[in-house]
Each structure stands twice: as C-alpha cells, then as structure tokens.
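Beneath this line is the structure, given in structure tokens, with notes to follow.
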C-alpha cells in the first residue's frame, strides 16, 4: 500500500509514500512502550537538547528546500511557505527553550501541622508513547508542533501526517534521525484511517495529539482506551468586530491576510466580520476591491498570494456553500467562483443569513462574510453563538470597546487590532468548546506530554 | 423517588433524600448555561471571596455536627471524621487563596518581528457549567473539592453525591446558599445513574468532575458530548517499598494508618508493601500484631480506629478476594474474616500471588499485602506492573534508594518515609494511567475549571 | 525619655510613650540575632499562620478603635481611617496567603552534562533580624506592611514608628503578642533618631526597611554595615497626563481623591497634572471649584474630607512653597492659604514654573499643580524630568495614548483612568530612582525578608 | 595611561591596553543616560536576540582563541580555560532564553471592591545605565555574566575589567559590536581605581554590578548616589561537612576539584572541610596524597591542573597565611610552600586554629583546611560562624544528615555530594551576609537589570 502525493495546483503526482501496515505499527507501539518503561535507556535532557539543536541547524541549512516542498505538496504560496519553514525551525528552538524552563515547583508542606517538617517539589517526566495525527495545511510546522515537543519531553512518538502532505513530515523525521535521535524514538507512520484509529485507541498510547476536523477528533476521543490523554486542535469560524471610526485601510489589509492567507485553509482564518451598519457598504466594497487584487495562481510563483485548495472536492464544497449563501440572500461583493479545478477566487459576501453554512460552519476556503450591526452587543452575541470558539478579534482605538470585546468575545484569545489568525509559536493556542481540547503552543504541548511528578520527603531526624 | 440513607455500621435508616428527576436537571442545566453566558450576571471575584469566607465561617461553627454527620452516613470513625471536617473547611479557605494567585501571565510578543510591538497577557475566566459526581468515602471533603473550586472559579455547578452519603453534600450546598451564593449557582442533584449519565453527557455541560470507580469514569469519558472537559479521580493499588535496615516500628505505625485508615476505603490506601526477603517474616508478624490491636467497631465511638465498609456487598467482596488470595498460596498473618455484616477485620497477607485480585485490583478494604524481595529493581517492576498509578512510597534513610524510588516508581507522587495516603489539600493529586485524568487539589481543580484567555494588543501609534 | 503624642488637629496631648534607650535596643538586637541563629527555636510556618490569623481576628474585633486611634494620632479623616484599618487587617491576611505561595522552584540541572543527574530546588528561609522605621501618614497600615511580613517570613523584628504616631504601632505589636507571638520576635522600639541610626547600621541588622523621606533613606543606606539588606519607600511628585476629549467630571473626581486624600500626605499623591492647553482653563476652574467644596476640618468628624497636616511646621512649609510658586508666576485657582495652625486649604495652582519647589519636590500637602501642554511628548518629558519616579497616571479612552503613556511615563506603575495614589496591598509598589529601593507590597516584602536557598542533590547510585 | 598585561605564570608582558580617562567616561555616562531616556532608540527585543545569537556564533568560532587568551592573561590551566570559554558562550545563549521567559504577571485586581473592574499586568523595562566592575579569576565568563544580561535587558553598559585580565573583556565587547550592537550600548572601560569609583558613584549610573573583594564592594555601596541599584559578588571560606562512613575516594576527588581548581582562586572554593574525628587522620592523608599528585605548572600545558596565582604578592600572602596557621598549631599534610614567584603548591592543613587567617578569611589560593569533629552540630556551628555565607556542601548517603545540613548550613546553596564550587550558569548564585548582595546567574541578573513595570487599566464602560 502506498499513497501518491499530488501537487494540489496542477494535480501532477509528486511522490509516492508507502503506507505502514498494522503489524508494523503494532511493533512500534510495543517498542515505544518498552522505551518508556526502561528508564535507564531514556535520553538525558542534554542529549535531547543536542539533538534538537542539530536538527534546527540542519533545517536552517535546508530551509529553502523545505519551503519548496511545502509548496509542492501543500500548495501554499512560496512566500508563505518560507515563513512556515522559518517558524518550524524556530519551533524546534522553542522546544530547547522550554526544557530550560523546568516546570517544577516547591510545594510548601508546613502550612498545617499535617504536613509540617516535610519538603516537597515537583519535576517533569515524559508521559509515555505519543501518537500524533496531523493536518495538511501547515505540513511542516504542525508536524514540528506535535513531534518536537514529544522528543523534547522524552516521549517516543509515532506520527501520521495528512496523506496529502506526508513529505514535510518525512523530512522532519529524517532530520531528527540524522541529528542523532535513535529511530525508535520517532516513527514516521503514514497509514490508512482504520489503522490510524487502531493506533490511536490502543491502550499502549499514553498521549494522542490530533490536528484536524472536529468531527473526527471528538469521535476519536470517545474511542480512546482508558488512561490515554488527548489534545485536539480543530477550527472554527473566527469572528472579527470592527468598531466604528477606525481607519479602514489598515483593517482591510489585516483582514485580507487573516482571511485569504493560504486561501483560508487555516483553523483560525478570519471568517465572520461584523461592521457598523452605517459603514457596511463602503467597508465591504473596499474589502472586495482589495480582495480582487490578490494574485491567485501557481503557489510556486513568488508573486502568488492565494494558491489552490488542497483537493478539488474542497473547491466543489466551497462553491456549494457560497452558492447556498447567495441563494439565501447574501450579497456577493467579489469572487464567488472557481477559477479552475483547484483554485477558488477570494470571495466576500455581505450579510449571508445566520443559518447558512458560511455563517455556521468552518469554511476552510477563501471566503469572508461581512455583517452589519447596529448594536455591538448583538454583534458579539452572534459572534459567540456557534459551538466553536478559538481566536477572535476587534479593531478599535477605544479602550472601552477593546476591553468589552476582550471580555465578551468567546475564545481563548482576543486580538485587538490584529486578525484572528495571528499566532506566534510560543503563545498558548487553544480551541475552546468544540474547537479543540487542551492547549497548543510549544511549551504548552511539552507540558501536556509530561507528567508533573512530586517527591515528598519526610525527613528522618539527624542524630550525629 | 427518594434514597434512604443508612448508617453503614448498623444499617439503620438515618434520613431520606428525594432524588431529582430529569426535567429538573434539564432546567438546571439550561439555567446554568444562561448564567454562564450572561457575563453581566457573573459574581465578581470579591463577591465569591466573601461568600466562600462566610461559608468557611459557618462550617467552623458547625464543625462538630458536620463530623458527626460524616460518621453517621459514611461510617468513618469519629476521630477521622473530625479531621475530614477540618480539612473541608481549610479546603474552602484554599479556594479563596487560589483566587488571589491569579494565574495570568505576560506572554512576550517581541521575540520575533512577527509579534513585535504587541503586548499580550492572559487571565482566567470560568469554563462554564460544571457537573460533578462524587464518592462516598470522604462525604464532605470530596464534595468541597469538587464544588468550592467551581464556585470560586465562577462556574455554575450541579453536584450529584454518592447516594449512600448525600447528607454532607446537602449540608455544604445549603451552607453556600446561606453564605450568600444564589441558589442557581449551585444545585444539589442526587439522582439515579441513568439520569446522572444524561446530565454528564449533555452538551451544556462544560466540565465534568468525577470521583469514583475507574470503570465508570472512563466509560463516561467515552460518552461525553464534543467539547466537554473532564477530570477523573479513581484509585489504584498503592505500592510501598521498604528498604532494608529501616527502623521497623515507625514504618509499621505509618503503614497502619495508610492501610487501615477508614478501613482502607481510600483511593491511595497502602495496598502492596515490598519488604526485603530477609526481613519479611519479622516485618509481617510485627505488622500483623499491630493490626490486631486496632479497635474495630462503631465509628461513633471515639476509640474506634476502623469502622464499617460502606455496604454489606463490599464486605462480601473483600472476603471473597482474601479467600481467593489465601487459597492461591498467600499466607494470612492476621484478620481475614468478617466481624459482622459491615465490619471486616484488618488483614495482612504475605506473598499472595501476583495474579490474585488483591495483587491486581484496588481492594478498597482493610487489607495490606506484603511481598518479599531480593532485588529492589524487581520489586519496583512489580510495583509498577499494574495499569494503575497514583501515589507510591518508599521508607529508607539512604539517599541512593530514596532517589532511585522517586525516579522509578510509577505515580504522580512518591513519598519518602510517609505512607501512600499522605495528602494535603493544596498539593497536586493526580491519578495516572487508568487511575485518573487531570490533576486534583484545590488550586489545580480551579485551574481546570477556568480557561486562560489571552488578550493580544497591537497598539495603534500615538499622535498627539 | 518619652515622646508626647498630640492630636494633629488641635495639638492636644493624646498619650505619652516612653522611648527606648540604646542598652535596651542593643539587648534586643542580640536577642534577635540569637533567635535567628537558633534554628530549633524557629516558629513553624503553621504556627506563624495561626498567630497571624488570630491577630487579624483581634483586629477585626477592634477595627473601630483602631480607626479612631488613627484619627487621633494621625489626623486622618475618620472615613479614610476606617479604610486604613480595613486594609491593615487585610494586609495581615495577605501575609498568610503569601506563605502558601511558597516561592521555591525546581532548577533543572540536566541541561548540560556538567549538571546532569542532579536535582535542585529552592525554598525560602528567613533572612534574619529586621529593623524597620516607619512614617506617620498611615500609622497602622504602614506598620503592618513592615512588621507582619517579617513575622510571616520568620524574622525577628524591631519596629520604630514615627514619633508623631506611635500608638497604632504599639497596638499592632501588642495584638501580635496577644495572638501568641513570643515578645522577643517583635519589639516595639520608639526611639530618638541617633539611637535609630545606631540600630539601623548595626551589623546584627540583616534587613532594614524604611518608609520616610528620601534624604534620610539614602543617607542611611550609605551608613549600613556590610551585609545588611535594605528596602526604601519614599515619595515623588506624581504626574498625571489628561488626554484631550475625556469626560472631565470623572477625571476631576478621581484627581480630587488622588490629590487631596489625607491632605496630600501620601507618597504617591497626585501632584502634577498635565492638561491639553486648549482645555486648561476650564479644567483648572472645574478642579478648583470641586476642591473648594471639600470639607476641611476636624478629622474626627465623619463629614471631614481633609484634615490637618501632621505638624504646624508642615503648614508653614506648604505655605512657603505655594507663595513661592505664585510669586514666580503660577496662578492660584483655589485655596493657597492656611486655615489654622494645622489646616491648609486644598489648593490648585496653574502653570507654576518648572523650577519652583511645587514643580520639583514632593509637596506632601494639599496642593495640585496643573500644567497646559500642546505636545503630549513634551508633557511626558516634563513629567519624567525629576529624579523621582513612582506611580504615574493617564486619563484617556484612546488605546494609542494609553499605551504611549504606559510605555513612556517613568514609574513602576502607570494607571490608566485611575489617579496615581491607587493601590491595593497585594500589588507591587516600588519607588524608582530616588523614590525608593526594592519592591513593596505584602508578597514582595516577604520575599525581600527571605532568602531563596537552593539544595542541589548529586544522587549516589542505588545498589540494592 | 595604559596597563600592561602580564602572563601570570612567567610574568612576561602579553599586551598593553590603554586606560580610559574621566572625560571619556563622563561622556559615555551621558551618552548612556541619553540612550536610556530616548525610548524610540531602544533596541527591540528581537534585535537584541539577533545580536546575542550572532555574538554566540562568533564566540563558537573563536572558542579556541578565547580559551588561549584566558590562559595567557589569567593563568588558568588550558583544560579549565576551555571549559570557561564554553560556559561563556552558553551564558550568552542563556540571555536569549531568559528574554523569552518574559517575567510579567497578571496581578488580579478584583480581590476587593477597591480594585474591582480593573486589569493589571507587569512587564519588564531596562533599568538604565549599567556600570560593571569585574574580577580576574574568570576573565571571560564573569564579563559575560555582567555585560550580556545588560545588553539583553536593553541597558547601556560600561564595563571595567580587572586590570590584570582586560583582554577577554575587550574581545567580548568587540564581538558584541561585530555582532551588530551599536558601540554606544557597550563601552570597554578599563581605568584606574579612582576613576572607576567616580564612574560607579555617579548619579547617572542606574545599576552597579561588582565582582571582587568584599571590602571594596561594601565600601562602594556606601558611596553610591541616591537611587543607584547594586549587585555584589564576593567570596567566602566555603565549608564542607563530610559524614562518617561515606566512600572516601569519591569525596576526595570532588574536593580536589573544588579546592584546587584554578589554584583556589574561585569565590566558592572549598576551604574548610569538617571530617569525623575518627576518620580525620586517614582522610587528611588521602587528601594530601591526592593533592601532591596534582600537576602544577605552566597553564598553557594541557596536563597542568594548577597554574599560577594572579600576582606574586598573592603567593606571598598565601605563604604568610599558611605559615601563620602552622605556627599556631595546624598540621601541614602536604604542600605549604611556594614553587616559584607565581606558583604555590597545593596545600592541606589539618586543624589550624579557628582564629587563624586560613580559618577566618577567604584564602583565594590552593589551600584546604581539614577539621575533625565529634558532634556534627558543632561542626555546623563552626562552619556558620564567619560573617561570610555563600555555597556550602555535605557529603553523605544519609537522608537525615543531608537534610540537616541543607537546613542548617548558612549559605544560598547547599550541595549534597558535590563540592562548594559547583555551579551552572542558569542557577541562582548569591553571596549572603558579607559575601554579596543580590542574586547572580544569568536570568537573575537580567531581572536585576530590569524594572517590573505595572499597567493598571480602569476600563471605561462600553456604550455601543
């Protein structure tokens, strides 16, 4: 069994990757469990640091190739692929950093007589075998976010990439091995969904990390073996509140990036923008005009700003959703149609009904919806009405509005004067409600993949 | 529908408590969701502090009654019930304390150009409606550990106590209301298992806190609605390593408390003690002699050290497990038999087979198993061999052995020269593997019941 | 030798307090040193907690008397004295809280081979004998801020109150003793300045805490014995920037409190207000009208908002400074004159020259200066131009201005839409430049009075 | 004016370095003050990170040369100089790391009504111009510890190296400039003592960092300008307790390193070793035999373990102290004499009187004193009896003794089974009593060179 990797732009085959079968996975899981149980064979922290530093150095040398590979398998425009490669490297650096932060604390014991005379402190230990399943949209950096923390934390890890984009994953795993990580500590495990599910739900799996669709993520949680821990990172339909009177040009520039970056295939992509009703028309027109100027095309071209969707079926789906929204009363401002089997034009829709798919579900395509509001509290209520909550944003120069939105918008992060897709790799990054489980971001993932063990010493009395 | 509460010692009825039906629970869940969504109605932190302080004051006044009620419904010996009442009060105090610790952090944004010029910090928000299901063995303090952090964190909470011991829960909920907590923020919800499951798995439940059997806990996880968070606290079969040459009397005194406190009905009760083979016989005899001296009987009697098991079926079960262990080759040192329908004598078994239930599963009764070892690493291996891992212990005065056990024993806490049931209410308390999920202890539970929300400010430039 | 305490309002004698002579201080210092060196005699943390809790309870019972005593010896208006008493009690509570926070950390040792295999963690120990000298303006709460953290941290402490206001200090020390603190751990040490200096500069003094004038504080630093640590809390001439377009009434209400509270005898009192030139006249007039309405008089009267200055000499000095400012070109808007030997009327001056004393030095009286600005950056420059820097403030609803001021105003704290005297007792409170040394606030003072000791364990290898 | 640098081994001149005169220092101080006051000209954190990373890379390339230079000017044996160079590089890395840790915290404001509705958080700002004076014994790494944190924290810095060893300092400053740090941010400032004192005590100096003798350090503190902050790192006479029954060979190997590394010219060098009286003779003989085997000679020789003292006067002084100790009753076990004008033989003295200089003052030469004890508490008392306290150690495999020593030995760090000179560059490193002021170690120094500024937001109410 194997999977054929296609260039999402022209659907040309790029590479073949053999799929791993269950007996192999089964063996790897046992091996991982043994590695974890044999404390004498653990890699010392300074060994892990050395490996990760070498890996980052290798990546720095190959950054250009890694970027091109992201373009080739993932269809992300070159300029953005370069940024991704740079972030992936810095994410490896962040793992080294997070190791230095320790994580242990003294727990005072003498607050009551019951604990008096004892000393207690905590320290971190690897949680055990990690199984990770990743998504296609950032084929290198997502992998790094799931695999490098496991290596840093001292956990053996099996990683299943998205089958559309396994090459960046394969490269990163190879680089780790090249940097000195014994192969058994990190296994490249592309496989079919049934086998993936078996791997995930196996009782030997101590921690399961998933980036992908909410539906599959929560289904997998319900099938986990007792004792298996889990982190989920899904998407949402990220809302943006625009206050009245803000300088429109800057806001639009930010939203263009936040909504059309990687053609909207980002889990915190700007999807729903709420604008004062009085400014709605002008705002939407300006946004539409700007969107029309975006360069859509071959991601390998350095000028391209929006590349293909990952699969033709996705183009079909986005087209259907947009059509539905227009038919139900939304106004198309720009875009709205497929440019090819893999390209969809950047699209702005004004006031699609709240019940339409584009208002309810994650689009994961180049579509921004703009809604007018008279009462900001109603806009916030609508922004919060979905079962998803991840990152949200407000554009304003008023303290009152900024704080009101920070407090009131549902989400784990509220940006003031930045779009919803803003992210640095060391910050917490957490889907709430159905948008995810646990907290991502390098140091947080490392904490998740560790246990905080406590030693409590009841000291014997010294007699000289 | 109602449940009749019996005194576990004499099986006399003590009280009746009406059970809550689904329509009522359903209404409470909706109410809880609305409370959480209406940010303007949230209780300010200083209001919550005032309520919790008043509640603690009321509890201090009624401490004696609360202790007697623990005796009456739970069968815990009076002296230990008094300790529990005291700890419950101090657990409320700890909630106030944890509120002061804040929890937010600045996240530096200017480590790369991508984030430069921004300010970011995190702060805590309530996670939403909490549903809690509790256990019988600490009828007041467990309830406090599940309910008070929810109140402190600002979450509406529905609490289902163990149906054997609902009275302490009812008292605590009443005290909260008396202290000024509006009733809707905390609902006393004793109900049947089917209704409890419906409540737990309802999508309006944001967080589910469970203390009880591993089997039920993990089953409930598999049925949760997408988006619901969870904490589980189960038990284990806690191991103790005794080094050679330690002063036996002190170790035995500690193990007696750790193994026979509340007749072993404690999730981190001492269950498996590993002793150097050369000292095994003397150690077991001394332990047996000490166990035989324990006063077993009516928990209301101030002299009683071991009271009843919670139900006759539990006496039956413990009897079967002990019989099985002896039949399979274990040596009975003391106890081993029922004293009445509700009392089981403190029991010490030497070298029951590894495959016997007393070596494999949580006994939750007054039984300590003692195993001889020649090689401490094999003892540790056996200690770690179960799918459970919670607290472990070692008795030694040697640095080398202490550290080796701290590092090697599976568990979230390793006590040096204390028994496995050692706990103070502010320390982390976490079942690993199948023994639990998440971290208990007042400040940790409060963190679990909160989200850490981040505000990222991209500052507009000042022009005067 | 004794000091006579006068009511600052009517100069009537209130009480006599004997002064302590050097032989007694000398003995106390030796005693303190011995207490600190004899680790076996240290009070356990739970004992200190119990003492502090009892002390807070006693204070709660006597809150009214404590407030009246503050009025009597300090001349603080009753309504504010009540607030002070409440804060003093809560400051004792905060000490208990801070003890629970521990303070120790694991220091990871295995980041390099040099440290590999070791475990290290830190924990707190008392620093040793504390000598504290306090100020008159918050006769109870300042004492609590200097003494209670010492007791909580486990340090013996000698406290010299301001000789104008020794009674609140005496009461607090008595309450500590009544609450169970052995007398030797806290000594009430009113004495003359020469003896105070001898006490401060004695080599047995491990930590010196000073609240008072900058001149004396820095002079004492230069005379400390080698090894003695120090914290200084002086004052400044706190600046406020008012943005254009803010709602004037709210700002003025806040500045009235911040500038005239306790007749300006507060180290972070509002002193220099910068207002857009176009709004200067209206702003100053409104502020003046509001200041004129303040009730000035007997602090024991519940209606009084501004009471006396602590000494007639202070009235004289404030009068001279105001006269000088007016003579040099400042415009008097209201007040500007003495009402009696102890009362000075709330005063607003517009545009006193930058070189005048009221623009350069801490007034410590009921005087607010208002300056017009055209360019906010020049206003900030002027605000920052003094060798003092403590708390600053800005009133605005614009994000851009708020952040600009937060970043640019010199000080340890910048309030947005609060006056400069805003303080809660758990926040950091630190004079920068000549305004102080170290960080005040209960948990910070406790950290200062502790050392963070590290244990590094190089584990021997276990051989069973 | 210039200083001539000599090779301490053969006293041959190595280089000349011009000394800086006051007009130049004066100009640099003004420049530094202006740099700090002009916030717009500050280097962004990501710029500082880039500079420090480049500097570390350059140092990695020149590590061999840097090590040889340490040998040449400092006389440190080559093998140890290489370790120092490696640590210096990693200390620069640690600065980058510490920048990522941020340091800001949310301060909850709503614990009382007084603060309710506000948001507060802290963040770090550079403290201002740093003046540093360094010592000769680690000519590169000490400089890095004083200069790199200043650069990382964003402070302009003037560094005066020890005039015996200015070359490593000069190299490091040049490397910083080469890495992109504008020259004005870091000035190489070798100068005479009178000018150094003028620089230190100038009011423009915000922070003064000193590594050197206690006498000079505390004298300089007494002359600082009001407002100037300070950190001092002096030495002590580090004590070691050896428990009975420990394996002697390992202890001696550790003490040899801890006592004779860089011929004892280390501020935490092992100086006073307390051994059970019954083992004293054997212990001292074994230690003596091992010390005699140390290779003493030309530090440029890769085999050399002990090189020269920094100046002939130091050899004279050490000789006098040893002679005095022997004359007063101490027993010489080995060494005790000069081998040349610059070399002193590794020396072990048994039971020198407590009053002798070697028992009272820091030797800063290759001398270890061994004392017998019968009662460990008396040994601890003697260990603690000096006005110095820095790092201490105990060798034991008994928990009881380990904890007793950790608790009882005066010092900021107690090593268990490591010598007193153990240090990694990220751990806290603090002289207590007269041994220093403030806490060293990269992240701690960076905190010292920053202020933690707080923003308190009182939010206006949103009206849509």
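By letter and in written order, the chains are A, B, C and D; residue numbering begins at 1 in each of them.
Quick note on the criterion: a residue touches a chain if its C-beta (ideal position, glycine included) is under 8 Å from a C-beta of that chain, and two chains touch if they have at least 3 such contacts.
Computed from a predicted model, the values in this text were never measured in an experiment.
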Each chain counted as touching chain A and chain D at once: B, C
More contacts between chains, B-D or B-C: B-D
Between chain B and chain A, distance of the C-alpha-averaged centres to the nearest whole Å: 35
Interchain centroid distance [CA atoms averaged], chain B/chain D, Å: 48
Computed distance of Cα centres, chain C from chain B, in Å: 44
Per-residue overlap in chain D, given as positions that touch at least 2 other chains: 100-101, 107, 111-112, 119, 122, 397-400, 402, 416-417, 426, 457, 459-460
Chain B-facing residues of chain D, complex: 44-46, 49, 99-108, 110-113, 116, 119, 121-123, 396-400, 402, 416-417
Residue numbers on chain A that touch chain D, as the complex places them: 94, 97, 100-101, 119, 375-377, 398-401, 403-404, 426, 457, 459-464
Residues of chain A that touch chain B when the two form their complex: 37, 39, 90, 107, 109, 111-112, 114-115, 118, 120, 122, 203, 214, 218, 221-224, 226-227, 229, 384, 387, 397, 402, 406-408, 411-418, 422, 424, 426-428, 430, 432-434, 437, 439, 451-460
